[in-house]
Amino acid sequence: MTATMSDTEARAIVAGILADIAPEVDLDEIDPAGELQPQLDIDSLDFLRFVEGITKHTGLPVPEEDYRRVASLDGAVAYVSGHR
Amino acid sequence: MSVGTRAVPTGAATGTYREALREAMRDALRRDDRVFLMGEDVGAYGGAFAVSLGLLEEFGPDRIRDTPLSESAFVGAGIGAALGGMRPIVEIMTVNFSLLALDQLLNNAATLLHMSGGQYNVPLVVRMTTGAGRQLAAQHSHSLEGWYAHIPGLRILAPATIDDARGMLWPALEDPDPVLIFEHGSLYNASGALSDPPAEVDICHAAIRRPGADLTLVTYGGTLPLTLDAAQLLAAEEGCDAEVVDLRVLRPLDTATFLESVRRTHRAVVIDEGWRSGSLAAEVSARLMEEAFDDLDAPVGRVCSAEVPMPYARHMEQAALPSADKVAEAARRVLAGG
Amino acid sequence: MTVILPAPRGSLGTGTGLLWLRDMLRIRRFEETCAQLYSETKIRGFLHLYIGEEAVAVGTMEALTPDDSVVATYREHGQALLRGIPMKVILAEFYGRAEGCCRGRGGSMHLFDRTRRFFGGNGIVAAGLPVAVGLALAERMQSGGPGRVGDPGRVGDPGHFGGPGHFGDNVVACYFGDGAVAEGEFHESVNLAALWRLPVVFFCENNQYAMGTALARSHSQTNLAIKAASYEVPAWQVDGMDVEAVAAAAARAVEAVRNGAGPHFLELLTYRFRAHSMYDPDRYRDKGEIERWRARDPISILADRLREAGALDDAGMRGIEDDVAAEIAAAVAFAEAGQPEPVADLTRFVTSEGGQP
Amino acid sequence: MPSLGADMTSGTVVEWLVKPGDEVRRGQIVAVVDTDKAAIEVEAYEEGVVTDLVVPVGATVAVGAVLARLAPLGAEVTAPPAAEPALPAEPALPAEPALPAEPALAHSDGAPAVSSPLVRRRAHQLHVDLDTVPGTGPDGAIQRADVTAASGGLALGRPRVRSSPLARRRARELGVLLDSVTGTGPRGAVRVADVERASPRAPQAPMPIADPAKPQQHAATARAEATARRQAAVGELMARSKRDIPHFYLGADVDLAVASAWLHNRNRDRPPAQRVLPAALFLRAVTVAAAEVGHLNGHWVEGGFQPIDGVHLGVAVSLRDGSLVAPGIRDAQRLDLDEMMEALRDLVVRARSGRLTREQMSDPSITVTNLGDLGVDTVLPVIYPPQVAMVGFGRVADRPWAVDGMLAVRPVVSISLAADHRASDGHRAARFLQAVARRLQCPAELDPRSAP
């Protein structure tokens, strides 16, 4: 990827990953700054699969220290686009 | 890679089963000059099913040899040439004519190594078309893989996919013992992805073509496509997740693969175009009973050809042959307890 | 055109003559001993004796080299001995012992020796002919002409038959009886060999009977050489009881084949002094006929000529007989001491070891 | 008598061509013998002078029998030697090979009396242990009547239950009596689904396969129906569990500082797909403890505790539609930490996509529920019958914690155990919880294979 990815592109990636894990949730209705886990009713295993998705689509290692930074929708989008 | 109308992954060349076989022979003929092809009309005519089209022009009459109508002689000659250090590929036009060479295949090719106390192995490959479904009537529609799979000393292959059609010939030529390759007539025109470089395939194991949890469908060769269709049918109509095992090698049977599958699914149907009595399906069913008895929640089902000489009329031939509906019906019976 | 080749007079070098006599006596006495061992239940199954036909094997094998190939039938003990398979190893095979040339798995009808390019006996009448044609095809494809076979890029090769320098003008000697000439495979094989001009010599041991069926009761055309000639194959009838005649005819035929003249066919007129096999009451032949053929015992014919030529006397004959008796005694001892193949090896060699798993 | 063919066993002398005193040369025909196939000439293989003809014309003798005797050439042959005791004529046909005698029913001391296969099958059917059955047959052999008597005569009239092999195996495992189950298979045969439905606490009866005759059903409605059915089944199960099982509860808080640091360090340079969650560590700890402390890993069946060798670890999984299932990881004791994580991941993914394998749906021996993710501190679980224990893990949260007399902040998890008082008591339950806590304190032990 050349220049930093646009936010819309990053958001599409994050949405795609979450669709597998919590298919019936509409991301527009949740608080983008709030924590994903309680809002999407996903447990720690689902969250690990979310992190896995980010690594697969972006190649970022997402170490455990960064889990906090991708815990919310906005955080995840920023993380994905910012780092590109 | 399964066959038929499956979506073709982008980026790979498409090819037919026939082209895959031809490419396999061309590749073998180029790689080792001891390899040569012998059979009726394989040269000038280009092969009764056009599999060897163009090979005569490329490799010449010494290595693409048209033979007189003498199955016993040219199959025996293939055995002799193999003993003499060559790596012959003998094409018998169809399994129906192979009966004229059965003595050479059984009493010489399959037996020599053991009878000679380990002195003479016979590195011969024999290819033949098999199966019905093209209204060729009783004498040209036999499926006799089961007969040959009965004979110790022969390795019997049934390539059902493009990758197997392309990939099985070379390991077969490398096998120091006789290998018979059965090509079902209805597969020649099937198209699919022809991966380049060709996929590495072995000639020892069965393959799971569709993973599943509720029922195991075991089949080989020409009946693989209809078995996969049956699995789709079962998924849609019954919510039943069927696993499809393609035997690929009919001797020695890769028993472990279909046993492991049935130990998970606890139900099995075997699909075999041969006649039911004494068929390969009977052998698979017996091994399931012997080695997975306590895992069976229903008797093993079998879908075979009706035990009749194959009729010419299309509707009668279809009535005699296995079909996706018959497989689905057998599967439903097994799912309901048999 | 078929012509009976007379034995060229006076060509009998004393040395070769004595060797032929020794070889014919080795076969004769060995087969007689086997008959006795069979009656003592030491040898079982089927046993087809070569007594009376010795001149055919000795005369024809004389023309072959170690690089040629031999394909024979279930009456192949003579050929096997002359090809160099040790008598004790052959007898051990008849005893079903592991020391036999095939570990005791073949028995008297299936003797094989890969190191000596002896492609066996064969229990199926005429089934050896197509194999012989195939061996000749391999010779032709590897020795010259288009598609000279090189070495690079070989398929994994578990060992090549025949050593270096194997390629060249080698021939395949294919033995079969008059019975085989009535099989379809005779027609298919001779036609294919002639069509592709392959280096195979067809030696037809016409001992007048296909088991219990006399020649005239199984062949519309009893001159078998004419049948072969119809495939554009040079074919001669030869007096199979006269080893010199056989040797001369064989040498001529083999030489022609070696030089690329395509297949040749020799009909060797001979007779078996014993029944078809050990279990045959031999009712179908009248005693007079047997006696007439016995009167032309190939060994006596040769021995008399050697005596006339001053190359053989009673002492010489006794010497040969004693040597042969000693070889037979040693062979019997070896076979008696042989060990059975371990039953655990039953499934070995169904497929090649180290082949595909 | 020479053998003149592979299947020849004897021969009859038809004619002698020589008489005592005659000289004989090698190969000379000396007699004619009749076999079943035909009359065959017999040749002499030795030379010599005939001394006497042992077998008279018309007599039949076995192959190998002496027919006549020769003396070396030149030997004087006087009158035939004194009457040799004539060789006893062999019976005309070889005696029928005697049928192998019935295996002698020797009753070696100490070893259980021998019984015929039929008797053994009868004992198996009637669940009778042959070792305990006195045999009244010859040499103490056990007869059919002995088995019937030993089964208390119950067997009379009890029909054999037709069932699939898998159903019989599952019935044995679940302690269900086959004849108490109504079969839905052909002609009333019992199938595995029937056994599991009949067993008091199968967590989730498998979605019954649609009746083949039923018309095609729209997939979505099928799924909704399945969810409703599943929730009803779990509800009914929970009610019965509370009714029948005398629950008692224990709890313990465990400092996870060491475990968390160890796990964090282990995950650092691994891609997400190979990282291990604390949940996997908990499952390992429970598995090891369950294997160590008996009486918590097994089933309560017909008034008795039946321990199960091997820990089949149930894991409570909530589905997207809100319902709850507790499929099992079979033989969890065989899995190392990474394999446990993989098994957990596979179990949850399959449970949520409705593709649990038969093995995963088979019955666990002890179950764990981990509601920590939902911010709950302690869980008071309800045991799944016929299991006798259930472990709950609450939230891992920083709490004030006394360390060497000083106040510190440590990540702490509270573990709770519900146990069936019929099967175990406070003492055993406490030992189990301590075992779990101890394992969590030294996590490396839970991961023997990979170096920390």
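Note that the chains take the letters A, B, C and D in the order they are written out, and that residue 1 is the start of every chain.
Quick note on the criterion: a contact is a pair of C-beta atoms (placed from the backbone, for glycine too) under 8 Å apart; a residue touches a chain by one contact, two chains touch by 3 or more.
The shown structure was predicted, so the numbers you read here are calculated from the model rather than taken from an experiment.
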> Which pair wins on C-beta contacts, C-D or B-C?
Replying inline: B-C
> When the mean CA coordinate of each chain is compared with the mean CA coordinate of the whole protein, which chain is closest?
Replying inline: B
>> Measuring centre to centre with CA averages, how many angstrom lie between chain C and chain D?
In response: 59
> Quick one: chain B and chain C, Cα centre-to-centre, how many Å?
Replying inline: 40
>> From the mean C-alpha coordinate of chain B to that of chain D, what's the distance rounded to whole Å?
In response: 35
> Using mean CA coordinates as chain centres, what's the chain A-chain B distance in Å?
Replying inline: 49
> Can you list the residues of chain B that touch 2 or more other chains?
Replying inline: none
> So which bits of chain C are touching at least two other chains?
Replying inline: none
>> Graph shape for the chains shown, where an edge means the two chains touch. Line, ring, star, complete, or other?
In response: other
>> Following the definition at the start, I'd like every touching pair of chains, please.
In response: A-D, B-C, B-D, C-D
> Of all residues in chain C, which touch chain D in the complex?
Replying inline: 32, 35-36, 38-41, 44-46, 278-279, 281, 283
>> Which stretch or stretches of chain D touch chain A in the complex?
In response: 264, 267-268, 271-273, 275, 277-279, 318, 320, 344-345, 348, 370, 373-375
> If you look only at chain A, which of its residues touch chain D in the complex?
Replying inline: 22-24, 37-38, 43-45, 48, 51-52, 54-55, 61-64
> In the complex formed with chain C, which residues of chain B make contact?
Replying inline: 31-36, 59-63, 65, 67-68, 70, 72-88, 103-104, 107-108, 112-121, 123, 152-153, 155, 170-171, 173-177, 203-204
> Which residues of chain D touch chain C in the complex?
Replying inline: 2-6, 8, 26-27, 37-40, 43, 45, 63-64
